Structures are given as structure tokens and as C-alpha cells.
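My questions all concern the structure below.
We just call them A, B and C in the order they show up, numbering each chain from 1.
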Amino acid sequence: MPLKLSYFGDTSVPVEVEGLTPDWACDKSPAEIERFEIFEGNRKRPLAEMFRVSGSATDRCFEWEGNLAGVHWIGAGMQTGEMHVHGPVGRHVGSGLRGGAIQIHGDAGDWAGAELHGGLLHIHGSAAQMVGAAYRGAPKGMTGGMILVDGDAGDEVGAAMRRGLIAVGGSAGDLVGFNMIAGTVLVFGDCGIRAGANMRRGTVGLFGAARPTLLPTFRFATTIRPHVVNVLLRTVAAQGVKFDQRLLEEEFDIYHGDAVSVGRGELLLRQVEVAV
Amino acid sequence: MADPSPTPQTLKLGRVAVVDTFAEAFPIKAARLIITADSQQWADTAATVLCGNATSVIACDIEAAIERKIPANETPDGRPGTAVLAFAFTVDGLAKALQNRVGQCVLTCPTTACYNGLFDCPKEKQIRIGGGIRYFGDGFQRSKKLGDRRYWRIPVMDGEFTCEDYFGTVTGVAGGNLLIGGTSGTAALRATEAAVAAMRSCRDVALPFPGGIVRSGSKVGSKYPKLKASTNDAYCPTLRGDVATELPKDCRAVYEIVLDGLSFDAVQQAMRAGLHAAAAQPNVVMITAGNYGGRLGKHHFHLRDLL
Amino acid sequence: MTQPDYTCITGGTVYDPANGIDGQVRDLWIADGRIVAAPSDRAVRPNREIDARGLVVMPGGIDMHCHIAGPKVNVARKMRPEEKRKAAPLHRTELLRSGTMGSVPSTFATGYKYAGLGYTTAFDAAIPPLGARHAHEEFADTPCLDKGIFVLVGNNHYVMQSLRKKEPQKLKAFLAWLLGATKGFAPKLVNPGGVEVWKSRQNGNVEGLDSIVDNFGITPRQILRGVAQATNELGLPHAVHIHCNQLGMPGNWSTTLDTMQALEGFRGHLTHIQFHSYGGGDADENTFNSKVAKLAEYVNAHPNITVDVGQVLFGETTSMTGDGPVGYYLSKVYGGKWFSGDTEMEAGCGITPIKYKNKSLVHALQLAIGLEWYLLVDDPWRVAMSTDHPNGGSFLAYPQIIRLLMDRTYRQDVLKACPPQVRERSTLYDLKREYTLNEIAIITRAGPARMLGLKNKGHLGPGADADITVYTPHDNKETMFELPRLVIKAGRVIVEQGEVRDPVDGKTLHVTPDYDRAIETDIRSWFEQYYSIGWRNYPVDFDYLHAAENVPTI
């Protein structure tokens, strides 16, 4: 039986619920959970003043519901357990996630899965800017785990990523894989400019119908189908992300770069303009 | 009057006499490799060559054989595949042999890739294969890590050789066996081939000898001090008059099947399937198994349990 | 006549090395913010009595070399958002301002945290004169501490010009004028001449004391001698404070020895000497080793020289130094983000994050070399504790250093986690010496006060500022020193068992030596020719200082 959290708050300032995770809650009584302090703007309030709490946290499963677009840091730092969110969520969902799984049945705000270390974050709607990115000033970002976005994402997907896998079923914005150290970002829709800027190593798949313009510091290598791409695509498909099935058989144009950095990264582009 | 030379009891399976004895087998370290390629034919080629000269750890670095073909949609990269089981007495021995063989026989083979096929193995028992071979890439190799699994991508002339970094191992069983005697060489061979086919349809086992069959069954020791094993004279038809023979009067040829597997149960199940398949063939006069009196190997497969 | 408002700390075990008191049970009388003699009339009762029975009483701690205010410290704060995001914030209360931590705490946090450790005086070691105003403004927001600044002069154009023109009188007058204008406490040399070369050409630096400095045609040796001599003639309370050339480079120990010898008997303080004690050569880290034994031998034989250690401890921190090329070098080695500053006419700086790892042979050797310094200098009055905060580590690690010095077993445990080659390349494993509490009181209080020439600090005799720390004794000296029972500043209890109760503002200690006013005309004409600001806007006036004490020249 899950812990149900139904949002009834009505406020114009951000609500922050950092720290409310299955790891924390699993041995707390319902009364203690209701007293968990959340922020409304700069004021602390007990959880029960903005959420109806029911069920039990012993199974380490949370079900959130409501319009949570103004509720931030859901699932941040979570280590084990499951979260299902029925509705849009705010910023920093799953930030610093270490394990377990978070499913968002709706859209997510900026910084979804920022600095993820493990586990799974699956956004069934669209995400905003900085998916799986490093926070400003950090030398490295995501270090493991998997982020899946069924819809679109904004700019700087996977910025300063060190390891792990991000897949975006829809389109992405500019600077996909910006400052990437290593890891994999796959974008099945179109993307913006400057993908892979300053990447050291790692793989960025740009599988949209419209072939993106690449930075001049990326050099064409060959047209081929690396076997590991099959492994990546099958992993993503197994989680229910939809993409053009022709990708499972095609060869890709491989570009190596970014030459201004270490240059051991690769961009994978579809071979021809593909009709949508 | 008491029988001067007490023989083991015989059991009956249909019309076939099955000696009430046991096969004596040993613990052994095992790994599974999943070799994929653009076609089943190339996956099989790489697997076959990798399993070359790997019949017995008496004189080979491992025992290895194809376990089964794997349909494309079940392999890690969605291409046709072949599963190989490999066995050695130590984990280090297994690692070294497999690094060599994958490097010489799979890396070299067109369109192949090589993935781990044994999971839930603790880190300290895993063996490094891709990680040992990656240097062939001369610094141009790349790694791709997904979850706990790391794949090495080694640039080669047709693209990349993808080989998983670490492979799992398990303690399995080596030396399950059956000896099948027939009224003629042809009859014995047909029956043994049927048994082999039945065993090969089982999972988690592999038959390392040629075609799965040993024609030169051996015993421990020899009149020559340096020889560890020698022909099993008690089962050699041309020596019937000269030695204490195990051959029934109408038995003119014997073939042995040796099998290794990932677990006692897997070997036992395969032996059962083989036993029944052989016993259903014509002109089979004896089915027995080999052991060392039960003093050397910890696993005993009693034939009476397979009936 | 009204009786003074006496406070008495009774029955404490007092460590006052400057007055020869080594663990004696004594009372301490305080009035008007100073320590006073016990009243001759025994009938006089104090208005406040603090029961210190069973507790250890020492003068307040003095950090004579740290980086806590001014332009480069503030840039470093801005450069470390990822640290600040993860560190526990200091929340605002009725009494206390908010703050952030990480390796470069914000201003209020700096004051509260130093006070929390029982420190009551700290000196920022490297302020470019143009940044003095900024440093004093930050000091105004750094409570609980008396403080001062060392002013960068080692790459100053007027200084180098005077040396080139062989005009020592002008040099002397300039230093005096500059200290007055900046409300500084002492002149500071950072890689003298080297930073000017760095500012002049790509990858520029000086190799040793006799390299020629671009644009001025003089040598670091001349800068060193000139400023040391001027410091002496001006009678400044603190010796010239020297960050030697070639910081951090393998083989730099010979430059350090040259520097000591070049003083030729003048007082000199060599700072964070750990970073300057390396053997090896050709920038080859494989030969990196400790040369402390040789250098300590020289220091032991030459009482004109004092040092502070600059201890490295494992962990993540931020390096910030007026030595511009060092910041660049470190950022190239570690790949970290990098800031480089060029202060017109005066100085440079380099800032980059750094992580000292116990698995790194070089870092483990640095840690060992720092500890060797404490253990090999015979006279504790001439070696001060420092981490060159935050370069070697945070000041918050001082209690850990105390434990390392007092507990040889703990030292060995820390060394066990280091690469085994440390054993061959440093002598630390063989050093059995353990510091006594008295010696700790010297290297953290009495010694720095003496080195700085502060007659009213670092001791508990009558006339001293009533800056006192009371500790609860504990076998684990790190535990003992990280949470004082009480901290008293100018006679007021400011911290009690880790809680800041009364965040008083301290005073700025500065010097205003006399100089030949006639030379000001020359200084002014040079200034107006080259500086981008106006002459009258340059000096810092007293409005910027909350309270000030002019420390007299000798």
C-alpha cells in the first residue's frame, strides 16, 4: 500500500518538499509524516497544511497527485523506493536521485534529474531546461542512472554529464550534452544548435527528422552502425520509450569531437533526411 | 554358491540394461559468453573456433562448447547469437583462457560482438574479458557504461568489436558422463548421437568433446609412470580376452558422452534426457557411467535416479 | 572612587607561555576589556565570576596568516556555488547574521566560526593596496575578531622602480606611506618579481632570486633585501612577511634556502613554508620529496627567521594566492576552473579549486612535510600553526592538526592511509615528538603574537587584551579544541559551548610609521601618471574601520 499525498495548496510562491523521500518516511508514523516541514516561500509549514496524507510509507512507495507544477524538489536525493506523480511537477524533481524509480505522469519543470547518481526518472510528459544537468559551478553533473522523457526537453540536456543515460522521445533544445564528460544522451526528435559543445567523451544520438547543423569542431568519421547503439536502443525501448523503429536497423553518420576539448566524444546522426 | 566377482546390479529401462552405478563429477568454474554477429552463420563460426581444442582440462586450458543458438530478439544487441559455456578449475584460469580465446577467435571474426551471459555474480568472482582485450584498440578504444555493465568498443577494420568488460562466473559441474554400448559400432554411435541431440536441447549444459562424444574413454593412471590417464581397457572390445572386461557378451563398441553444466540439476536433467534417448534406440545393450569409486568427485549422478 | 567592573575567571588551569605559566591553577582578573592584576585588597569581589575549575585557560587564538577578506577572497566565494549549495547554511537569528560555508565562508560566518574555535585575532595575509578598502569593508562585517591586513608590495611598481633607481629612501618612505594609506599592518612579498613577469609575458615567472624581472631589470633578491631593510628601519612590529618564489615546484627548497640566506640577518617571516620545502627536480613529480630537515636546520640556527607552516590536509578546498602563475599551474594540473587577476601597478592573483587526496603521493607528502616542520623546528616560538586557510585546508581543521601534533598514534593512523612511498621520501614516520599543551599554546597564541609584535596579545599578563579561551579538557585533543567551553573577547563572553552569545565587533590593528613627507610629492606624481583612480581616492580613511588600534613602531 502506498503513501498518498494529495496536494490542495493554493499559493503563488514556490512550495519546496526537499527531504520527503521514502527512505525518510518508511519508519515514520502518519502523524510524523504530516508534521514534516515543507517550505511555502520562505515560511516553514507542516506537510498536512498543503497535502492530504493517507496510506502508509512502510512499502516505500509514494503516490502524489494534484497540480504540482509549483511544488519543487519532489524525490530529490531519494535512495530507494518508488514515486508516482499524477500531475505536472515543478523544478528539481529527482535532483540528486541515488536509487529507486520516479514516474511522472505529466510535465516536469527545469532541472529534472539534475546531478542524478542512480535509479530511474521517467517523465511521461515533457521536461523543461537542464534535464540531468550539473548545477552551475559544479565540475560534473549526472554520474549514473537513467532519465527518460517521453515528450520534449529544453536546453542543455545532460550538461556536464559524467555517466548514465538520458533519452528524450521528443525534441530537445540547444546545447544537448553541453560540456559532457562521458555518458549517453539520445534525442529521438529534433534538436537545436551546438549539440555536444565542449564534449570530452560520450555519445550523443541526434535522431530527429531534420538533420541538425553541427559545430565546425566535429569531424565526420564514417557511416556505420555501432553494435552498442542496439544495446542502448533496446534498453530504452524496454522502458517503454517510443521511437522510430527504423533506428534499430539504420546506419548512422558518426562525427567525432569536440575538437576544442578532448575530442573523444561522438555524435550520431541519421543518414538521410527522414520523412516524419 | 556366491558369485565370485560381484557386479553392480543392473536396472532395466525398456529392454536396455542400465548399470546401477553413478557418474562421478567435479566442481568447476563456469562462464557463459553470448556471441552475436550479423548472421547466425558468423556467430556460429566464431563460437566454433573459440571452442577449438577445448575438450578436456587434462591437456587444454578450458573445456568449452556451444550451449545453444539464441534468436536475435533475445540477444543484447538484437542480432543472431550463439551461447558458449566455458569451464576451468580456477577463476583465474578461466579468465586467462577466455581472454586469449576471445581475442584470437572472436575479435578476429567478422561482425561479431561478445556479451556476458551469467548474471547476479558478486564483483570479486567476475572475470575480466573485454577489459583485458581492449588494449588492442591502441588507445582508440572507447567504453560505454550502462547501469552496472561496461562495454568496450575496439575499433577494427569493419567497424567496432564490442566486448563486455566483466563476465559472471558460477561454480558448476564437470564430468557428468554416460557410456553407451551397442551390438555394433554403428548401433552404438547412432544411439549416442541420439543421446547427444537430446542433451543439447537442454539449457545450461555443454558437451566439450568432438560432436559431444568421446570414443577414447580413459581410466586414471597407466603402466607408464608419466601418463596421467590411459585407455579404459575394461571397455575396449579388442581387449575382451586379455583383461577383466566390463563388456557384456554382445557388446561390440562403446561410446562415452561427457558433459559439463552450470549446476548439478542441469547436468542431471541432461543426463536423464540422454539416457532415455539412448535407451530408445535399437541394439543398445548397456548403459553405464564412469566413476573413481566415489573418492575424488563430490557430485554423484546415480543412474537409478534418471530412470 | 568607584571600583572597576571586575570579572574573575577562577580556578582555571592556565597556559600562558609568554609569562612562563605552564598549567598552573590561577585566577584571572579582567576589567575594561583588559587583563589586570588581582586587586591588592582581598575584600574586593568581582561583579562576575566565571568558574573555570577543571578547565584549561589560554589566551585567544591568533591566526597570523589566512585569507578571509578582500577582492580575491570574494571572487573565490563567488566561484564555489557548488560547495555553498551543499554546505549547511548559517541561518539568521535575532542575534546573528546569516552566512554560507564551504571552503571560503562568507564574512559573518567567518567571524562566528573563528570565534567558535576560540580564535580572537586573525590577519588576512595578502591584500593588494587597491583592494584595501574592500578588505576593510569586509572586515566591518567580520565580527568577533581583531584583525589586520598584510599589504602586497613585492610586485609593486614604485617599489621596483625605487630599487632600479637605487633609491632606498624612497622605497622606505613609500612603504610607510602605503601602510598608512591602506591601514595595513605589515608589508607582504608574494613571489617577489615573479608576478610582474607573469603579468608581462605568457607563462612568465622567475626561477630564483637572481632572475631578472621584466620592465625593471631588478632581481627578487633586491626586492627581498630592499623591503627587509626598509621594514627594519621603519621599526615595524612584524618582520617582512615572505611567500618565496617557486611555490609548489619540486626542487624549490633551494630557492627557499637562498631566500633565508639573502635576509642576511634581517628579521624575516617565511610563510606557509610547507609549500616551499620540496626536493626533486625538473618539475618531475616522480622525484618529489621532503627537504624539511635541511631547511629546519637552517631555521634552528638563525633566530632572525620565523615561519608558519601552511599545513595541507586531505579534502576539498580552494587555492587562492597572490602568486598568479601558481593558480594557472594548478588549474592546468587539476583541470579546475580558474580565475586570474591583475591589479594595476601592484599585484596579481590566481584562484582554483583543489582537492587533496590521501591516495596521491604528492598530497600525502605535502601533509607529511607540514607536520615535519612542526616537529623539526626546535623552538616553538618561531613556528606558527596555519593552513594558509583555505589553501592547505580550512581553519576549521586546526583542532585536527593539534591532535596530529599531540598524539603520535593518531599521526601514524593517518599515515597508514597514505601511499607507502611517503615513508621513504619524508622523515615523518621516524619523528616521535609529541607536542605539549604549552607548546600548542605557543604555536597558536603566544608565538604568533610575538612574531607579529603585538605586545597586548597572546598572553594573560596584566595589560593584555582580555581575549581568553576556556577549554574542557579531553583526551582527544581534536574534540577538546573544536568546542571551547567559553570564548572571551575584550572581557566579554562571546561564545559559550559553541553558541555565539555576543558577537562583538573587533578592532583593526594597523601601523602608521613616520616617513619623509617630502617624498610624497614623488609618489603622487608617479601615482597620477599611471593609476586609473585619483590620488585623493586611494587612501582608506578611518571611517572604514569600526574601531582601530595603531600599533606603535619599535
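Basically, a residue touches a chain if its C-beta (ideal position, glycine included) is under 8 Å from a C-beta of that chain, and two chains touch if they have at least 3 such contacts.
These numbers come from a predicted model, not from an experiment.
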In terms of CA centroid distance, which chain is the most far removed from chain C? B
Pick the chain whose C-alpha centre of mass, unweighted, sits closest to the average of all protein C-alpha coordinates shown. A
Could you quickly compare A-B and A-C and let me know which has more C-beta contacts? A-B
Could you please state the distance in Å, as a whole number, between where the Cα atoms of chain B are centred and where those of chain C are centred? 73
Distance from chain B to chain A - Cα centre to Cα centre, in angstrom: 46
For chain A versus chain C, what separation do you get between their C-alpha means, in angstrom? 46
So in the complex, which bits of chain A are touching chain C? 135-139
Chain A residues within the chain B interface of the complex: 144, 146, 163, 165, 182-184, 201, 203, 224-228, 230-232, 234-235, 248, 264, 266
Complex contacts: residues of chain B adjacent to chain A: 36, 76-79, 113, 142, 144-147, 151, 153, 159-160, 162
Sort out for me which residues of chain C touch chain A in the complex. 79-82, 85, 336-337, 353
